[in-house]
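This is the structure I have questions about; it appears just below.
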Amino acid sequence: MPKINRYVDISTVDREAKKDYIDRHSPFIHCTNKAVKGTKLPVTVKVGNEFMHPDDPDHFIESVKLYNGDSILGEARFLSGTLGGGGSKSQAEVTFHVVPTTEKLVLTAVAYCTKHGLWESDPVEIPVT
Amino acid sequence: MPKINRYVDISTVDREAKKDYIDRHSPFIHCTNKAVKGTKLPVTVKVGNEFMHPDDPDHFIESVKLYNGDSILGEARFLSGTLGGGGSKSQAEVTFHVVPTTEKLVLTAVAYCTKHGLWESDPVEIPVT
Amino acid sequence: MPKINRYVDISTVDREAKKDYIDRHSPFIHCTNKAVKGTKLPVTVKVGNEFMHPDDPDHFIESVKLYNGDSILGEARFLSGTLGGGGSKSQAEVTFHVVPTTEKLVLTAVAYCTKHGLWESDPVEIPVT
Amino acid sequence: MPKINRYVDISTVDREAKKDYIDRHSPFIHCTNKAVKGTKLPVTVKVGNEFMHPDDPDHFIESVKLYNGDSILGEARFLSGTLGGGGSKSQAEVTFHVVPTTEKLVLTAVAYCTKHGLWESDPVEIPVT
């Protein structure tokens, strides 16, 4: 069964190589801290915060999924070469837009690296008024 | 974070409604019990074994993913209406083809229901000679 | 074969219902008019400009693809209900990020409506320096 | 705008390299020549008929879509390496299952090669009784 790697606060990690490995694979959710019912809310998912991931043909971030609880809100798929291609590094990034209809959102993002599998963000809870 | 429901042997489940709920959402992997290196292997994933799932616009099996260990082998996405549409029931099904290059495959499938989230199959181990 | 509907300048269209039909299905590309080699460029695709599309279970904008020439740069898939759900209208929207490596980009977007098929944007040419 | 390459009967093509190029990129639809309303119909899409396509990290068949008229029936996405990987050749293949509800199906398949873009099959018309 596929392992789901979860983000670990890298300030608690000693080795630089491990910090880099965890950070560059982890999706981070960026959005406002509250939302309005019926109003479009942009939610950006960026893979990597302080570190960057290669964009090689055999090693790249291939997809990002955004969930609200157990429900998929959206999915983006990428092809290698769109972030500079072989030899370069970058952070895969996509902005979804959702219109909330419930009291709160509990967002999580999952990224897939073609060499290092599935990575899940910390959940982000957003009250909706 | 999205919950991943895992298949439970329904012969151990008492309530008929619960058997049906578990079975109709679970992906089952169908393939030969051994494979040959370099030779195409068909792997069928069928959602539901003894029970069937609705194909309603707001409630249907939307995708099936096939993994080997932590690696995605393939993904299929479906649209509601292709299995008979509103009011009918069926079993979503897709056959992938993979050419193994390693000593064994450890296959798992994950299905997504638009109302009841992610469901993972039991893993299937296939020796490759 | 799937027909690909292409955007028509709606100021040349007489009937209001037809203006609405064309506009609400057409993807529009929003980005800066020049890009820098090796620097991340956000490219937003929004479906509809002056009009909005329903987000009903059996009728919604299901995906947006972004191409550079004949190459896919990225694809986003949506589920019904994420833009307010049944009875509400909105504009599906996604922002991709690409790092250009060539002299220019020739971007096109294609959206898919579950009832009215494929719709292609006008191409947008962006010089890269 | 993305060009859609269409299959050309390769017996009418002189150059062997061109026959190979056209054939190995073209999706071919394999299914029975009639269907029954409400009964699941397997539809196989195989990319290439007499020739095979590489499965290299930077050059592989990345997806196959199946349409009925203007409607998507299903989509499969593949990752490089699942058909033997670098240096080997094969034919990407997927079997979808649809339950027809109308008088006929008019199926077309579209494949995407990461180097050579979109390729469309001849349409296949299937009466449904």
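As written, the chain order gives the labels A, B, C and D, with residue 1 at the start of each chain.
The rule is short, and it goes like this: a residue touches a chain if its C-beta (ideal position, glycine included) is under 8 Å from a C-beta of that chain, and two chains touch if they have at least 3 such contacts.
Remember, it's a predicted structure, so these values are computed and weren't measured experimentally.
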When A-B is set beside A-C, which has more C-beta pairs in contact? A-C
Farthest chain from chain B, comparing Cα centres? C
Rounded to a whole Å, what is the gap between the Cα centroids of chain B and chain C? 32
Using Cα averages as centroids, what's the distance between chain A and chain C in whole Å? 23
By residue number and range, which residues of chain B touch two or more other chains? 62, 71-72, 77, 79, 81, 114
Give the list of chain A residues in touch with chain C in this complex. 38, 40, 42, 44, 55, 71-79, 81-85, 88, 90-99, 101
Residue ranges of chain A in contact with chain B within the complex: 1-4, 62, 67, 69-72, 108, 110, 112, 114, 116-118, 120, 123
Under the touch definition given earlier, write down the residues of chain D that touch chain A in their complex. 56-58, 62, 77, 79-81, 114
